[in-house]
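Consider the two complexes below, in which chain A is the common component and chain B and chain C are the respective partners.
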Partner chain A sequence: MESLVYIALFAPFVGSLFAGLFFARSPKNIIVGIVNPALIGLSLLASIILAFYVAEHGAVHVTMMDWISAGSLHIPFGFIVDKVSVTMMIVVTTVSTVVHVYSNGYMDHDKSFNRFFSYLSAFVFSMMILVMSDNFAGLFIGWEGVGVCSWLLIGFWYHKKDVTPDINPAISPSYAANEAFIMNRIADLGMLVGIFLIYWNVGSLQYDVVFKALPHLTDGILVAIAIGLFIGAMGKSAQFPLHTWLTDAMEGPTPVSALIHAATMVTAGVFLVIRANPLFGMEAVQGVSYFIAALGTFVAFYAASMALVNRDLKRIIAYSTLSQLGYMFAAAGLGAYWIALFHLAAHAFFKALLFLGAGNVMHAMDDELDLFKMGGLKKAMRGTYIYMGVASLALAGLPPLAGYFSKDAIIETAFNEGTLVLWGMLVFTAGLTAFYSFRQVFLTFEGEERYKLFGFHPHEMYKYVLIAMSPLAILAVVAGWFQGSFHEFIITLLPEYEMSHHTHHLAGKLGLIVLAFAITGIVIAYFKYARRGEKAFKQDEKVENGFIYKLLINQYYVPDFYVEFIVKPYKAISEKFWAIDKAVVDGTVDMIAKVIYTTGDKTRTIQNGNLSSYLNWMGAGTLLLILAAAVVAVMS
Partner chain B sequence: MEHILSILIFFPLLAGILGFVVDKEVAKAYGISVAAVEFLLSLWLWASFDTNYAGMQFNEFAPIISQFGISYNLGVDGISLFIVLMSTLITLLGIILLDEDKIANMKNMIISLLFLEMTMVGVFLSLDAIIFYLFWELSLVPMLYIIGAWGGPTRVYAAVKFFLYTFAGSLVMLVGLLAIAYLYHLEAGVWTFNLLDWYQLDLSVGLQFWLFLALFAGFAIKVPMFPFHTWLPHAHGQAPTIGSVILAAVLLKMGTYGFVRFSLPLFPDASVEMIPFIVVLSIIMVIYTAMVAFAQKDMKQVIAYSSVSHMGIIMIGVFAMNAEGLGGSIFLMLSHGIVSGALFMLVGVIYERTGTKTMSEFGGLASIMPVYATVFGIMLMASVGLPLTIGFVGEFLVLLGFYEVSPIATILAGTTIIIGSVYMLSLFKKSFFGPVTNEKNRGLKDLNVRELTALLPLVAIVVWLGVYPKPVLGPIDKSVKQLLVNMEYKARTQKAKDTIISMQLAKEEK
Partner chain C sequence: MIGVSHYLILSGLLFSIGFMGVLRRKNLLMLFFATEVMLNAVNIAFAAVGNYYGDLSGQMFAFFIIAVAASEVAVGLGLLILLYKKYGSLDLDVISSMKG
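Then we have the complex of A and B:
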């Protein structure tokens, strides 16, 4: 089994090196397009076999070699494949395989085709390290690794120039990439502090050792560790207030958005909380956990509200990702770790599908993203319409699709915990989710064919790409049906979470409430955006000038706030410091030098070679000495 | 090879003297071969180094002026071994990178570099305070010449500033060293400048304090610690590429090495007392210079200020008083040498092609010079401390180690991972991303064989020691633990004993 672990882990790495070293400078090479997806597929296969093995025989633990040893710190490259990590491995590799195949079609005409595959595979490798590591430092390797790959891929089209925020809120791909990297680094500092605390209080960073030692730590330390780790999670999973990078990250190619900024990397924070459930589940850190749930719920609503008005095809999906991450955190914070993980997996499938569908639309519409320039695309793109429709139904949580099971379980958890405010917000957000999802679908595919005005000639995506997307479509439909067996599989590792009798009793009615909200959302979206002719959708000036619309479309002015109160002052202070460095710090040094030099220059006149002036000086000196002697004599 | 250390020091000197009679045309080839032999010798030293022994090895001892206890006294341990290796490697690669068409009077350059190499290796191998001081001061001369002869427009100002500033500090240090010898004489009745003898000297806390400050003057200016850092941007701004490479990679390390070799073991109590003072200065270094780096318009100045910022992290590690932090800071000295050396080389590459270092003149270089951009990108990632690059190991260990001393200070210093990426990524974006803004840059050639030969070994090291630091970290760790044990044993005050965490204590606890 050990070799399977290494195959699952290193196959993507081999792919990355293969594309990066041999084909980096050559034009598009179809071999890369075949070998790389095949290697990711191999990793998927190994993960599936491992899953069966793990289900039967328990976790596989391998230690490859030592990494860092200093003082009493020992960090190995160790990997653990247990039920949690194997679930993540399968999710990651499944979506990755589809996205790799898909990229063959999407990046067809890109001159950096090979480079793209190299980065994409490197990302998968980093993600596998992240989920498979058996210690916090190893997790941090993957954590930073996915960060760099995300930086490379958001900025993939680095040659684009910066524009003002009113043309493109993300300014440019390279700007968005830097923003993502730096914002994540802010969170990483929190995570590092968590790691340091663990080390100095436990003496090890291995999960098993740390989790065993937790009961011996004081409450204060536990809370501090939990806060540190969660700050890290907030960055990677783009929770408020570190969320702005995620929507700007949409500057990356769409397969990247699907894989990294929807299905896998952004769920790393949720994964961390699930992985560290022995910590977050402790009595002492209930405060932190409740905060996680509350923040998650807030983000779920907050992001959904911004998605309501946005016109950008990809940004809407990005907001919806944010919102769904909020749902996952809500579940994890409330102690329903397995439900969080289940939603994580289900979400990965239907969200990746949704993004890839959006990619098809962009491919058809010459990279146009404005929904108001689309409409009525269903004729030209039937397959994509079906995919995006299915994905949106799943996202909206309609039975019997995946989202219905996973999201409903989270909402039910909130009810079960008695946190009715959270419950109410989550239910309401479910309605918003259904509305904005179908607003997007209808604006794209139904209604008047507005694209004709702008001279687009949409065409359906290549057939093989559509076929490659089908596994995700199937999973988006059926994933929920396996809730029972997944529960059975995972529960030996994650803490059980069961609904109380009371909740169980009401489960049917609760589900109906959520469903009612969702269907209402869809129906409103239909009447507003899907109809043709007289009742077709038109832009409404009055709404668009309203306060709420302005607030939402400007993302609650949070990005502006960051620019005004962080970016600009930072620049200004930096300039000021530089001026101080030159004028004061260096100036002092130069002044000292100058004083010494001028003193020397001035006193040089004493030695001018003129004998009579020498005599004068001598006389003056003698007089001075006699005076001094006299004074001393009188004094004593 | 009993006298390997002497050979390591004097081979470059002899070769440098011989260099005067070497034909001008083959000067560079001569330089490469000498530096290569020197590097191989240092590799041989590593190969025959006993990694299980923490103390000084390959000792050489010969009295010079016995009535004053001045002797020719050499030795190497896990702390100095790799700094020597890095010095010889960087010298070799730096010479390889020299462009014969661009550098007038190559012969003088090679001779200066070989002299410089002697002084660098000498500083790190000396165990006699006087010999150490000699090499320390001698290292200024070739560098003064390199900046003054091959530098930019205001090279004379920069070179003189560099020389006088560091020299002034060194003189105070010399007074300190003489005072230690005098105190030793008072106590033991004999004169000695042998550092290993000095380690036995038991000084009152008050004396330790003043002597610490005297040595601090010399070391801190060299590091350079805030507010004594302003000679560095001038020196880097004017120095030719090779000068900057060696200055950043090796010469700055003399300062931090001095703290490790002299201040810590000689004055354990004062060192502990001075932690707050040092840490405040270091945190200012880390944050303030990182922000100044962000404000720069000139690519080389960004790297220069980033050097100061990173040296701040090293200083914090030196005063962490535990094996994680101190070991990490020594590893960080090496990794900073490799990475900043490589970055200065990379800036030199573009400067040679375009004659400018101003970032606004570039833009979109990634499209024109993809290999160059890739190598730069790797070094950038190492500079911001990405795991699995060399930059992570040291930085992580330093911050981890110092967390035990002060969580708040660690968090403040830890902002380096944020603001470090701010200035590096913005440098990268301005120079490499976006459309090609300067039409003159369109025809730029990517890295050639000469440049790749100099840079690829560094890339390999960045990855190798990032993934598998053990061969280097192991011996460092051993010697560092020994140092801490000695410090703790020697410390007079209970506070110092409590702060210094040697492994012995940890063992007792278990």
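Then we have the complex of A and C:
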């Protein structure tokens, strides 16, 4: 089994290095496009075999080598494949495999085809380290690794200039990449503090040792650790107030958005909370856990509200990702860890599918993202329409698709905990989710064929790409049916979460309420955007000048707030410090050089070629030395 | 009674005279004379101190210095003649050629 662990872990790494061989050279190498997906597929295969093994025999724990061994600090490079990590491994490798095949079609004409695959496989490798590590240090390495790969991939088209179309203030990929990286750096500081606190108080970073030692720590320390780790999770999972980078990250290529900024990397924060459930489940940190749940619920609603008015195809999906991450945090914060993990897996499948569908649309529309320039694409792109429709149905939470089971469980949890405010917000958000996802689908595929006005000639994606997407579509449909068996599989590791009798009794009615909201959302979207033909695209001046619309389209002015109150003051301070730096630090260094230079210039005249004056200088020097020696002798 | 201190004072005076000569003189030949004076001032001091301690090594050293000075003068005077042939003068201000 040990070799399978290594295969699952290192196959993507080998792929990355292999693609790296062809890195900058040769415009496109088809071997890379075949070998890399195959290697990721191999990793998927190994993960599936491991899953069966783990279900039967329990966790596989391997220690590859000693990594850091200094004094009492001892951190091995160890990997654990237990039920939680194997679930993540399967999710990651499944989505990765599909995205790798998909990228073959999507990046077909890109001149940096090989570079793209190298980065993409490196990302998968980092993500595997993150989920498989058996200690916090390894987790952190993977955490930073995915951050770097995310930076590389968001900024993949780094040569693009800033463009500002009429709607949606677009920014350059390199700006977006830096923004994502810096935001994550801020959060990672919190995470590092948490990890240091663990090491100080426990003396080890191994999960099992740490979790065993937790009951012996004081409450204050536990809360501090929980807060530190959660700040890290907030950055990676783009929770308020560190959420602005995720929508800007849509500047990257669409397969990247699907893999990194929807299905895998952004769920790392949720994974961290699930992984550290012995900590977050403790009595002492209930306050933090409740805050996580409340923040998650808030973000779920907050992001969904911004998605209502946005006109950018990819940004809407990005907001919905934010919103769904909020759902996961809500579940994890309320103690329903296995439900959070279940929603994480289900969400990964249908959200990746949704993004890949959006990629098809972009491919067809020459990278146009404005929904109001599309419309009626269903004739040209039947396959993509079906995929995006299925994914949106799953996202909206309609039975029997995946989202129905997982999201319903989360909402039920909120009810069961008696947190009715959270429950109400989550139910309402479910309605919003349904509305905006179908607003997007209908505006893109139904109604008037508006793209003709703008002179686009849409064409369907390659056949093999559509076929490659089918596993995700199937999973988006059937993933929810395995709720029972997933529960049985995971529950030996994660704490059990049972609904009370009262909730159980009401479950059917609660589900109906959620369903009613979701269907209402879809029906409104249908009548507003699909049935009205040309009128659907008419922009209502009155609404657009209204306060709420302005608030939502400007993302609650949070990005502007950051620019005005953080970026600009920071820049002003930096310029001041730069001036000080120039005066003091540079000044000192320059002065030393200047003194030496002028001394040399002045004393140059001594060397006049006259032996007599040399002798005079020599004599004076000798006298001085004798004098100095005499003074020293007298003094001592 | 003439003691060792008198010899040392004489040696110091002679040395100073030689030193001043080195500093002030412009003629190369005179510089050679001045260095000879300094060397012999040291010789006096060596001989006097050697005698004072009853140790012969001081006087031995004086002989060595005389021998070295003689050879130095032999070589130096040869060079001086060549220099004089080249420049027609032994004035240091005239024959200086390297300027910084």
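Everything that follows uses one rule, which is that the second predicted complex is superposed on the first by the 565 of 636 C-alpha atoms of A that agree within 3 Å, B and C clash if a C-alpha of one lies under 4 Å from a C-alpha of the other, contacts with A are read in each partner's own complex, and residues count from 1 in each chain.
We take it that contacts are C-beta pairs under 8 Å (C-beta built on N, C-alpha and C of every residue); 3 or more make two chains touch, one makes a residue touch a chain.
Just so it is clear, the structure is predicted and the values come from calculations on it, not from any experiment.
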First (chain B), second (chain C), both or neither touched by A:Y102: neither
Contacts of A:F355 with chain B and chain C, given as first, second, both or neither: neither
Touched partner set for A:F230, first chain B, second chain C, both or neither: neither
Residues of chain A touched, compared between chain B and chain C (which is higher): B
Which of chain B and chain C A:F301 touches, first, second, both or neither: neither
Touched partner set for A:Y175, first chain B, second chain C, both or neither: first
Touched partner set for A:E144, first chain B, second chain C, both or neither: first
Partner chain(s) touched by A:G619 [first = chain B, second = chain C, both, neither]: second
First, second, both or neither for A:W578, with chain B first and chain C second: first
Partner chain in contact with A:I606 - chain B first, chain C second, else both or neither: second
Common interface residues of chain A - those touching chain B in one complex and chain C in the other: none
Of chain A, residues touching chain C in the complex: 604-612, 615-616, 619
Of chain B, residues touching chain A in the complex: 161, 164-165, 226-227, 229-231, 234, 288, 291-292, 294-296, 322-324, 327-328, 331, 364, 366-367, 370-371, 374, 381, 384, 386-388, 392-393, 396-397, 399-401, 403-404, 407, 410-411, 414-415, 417-418, 421-422, 425-426, 429, 432-436, 467-470, 473-474, 476-477, 481, 503, 506
In the complex with chain A, residue positions of chain C that touch it: 19, 22-23, 25-26, 31, 92-93, 96-100
Chain B contact footprint on chain A (complex, rising order): 24-25, 65-73, 137, 140-141, 144-145, 148, 155, 158-162, 172, 174-175, 178, 181-182, 185-186, 188-189, 192-193, 195-197, 199-200, 570-571, 573-575, 577-578, 581, 585-586, 588-589, 593
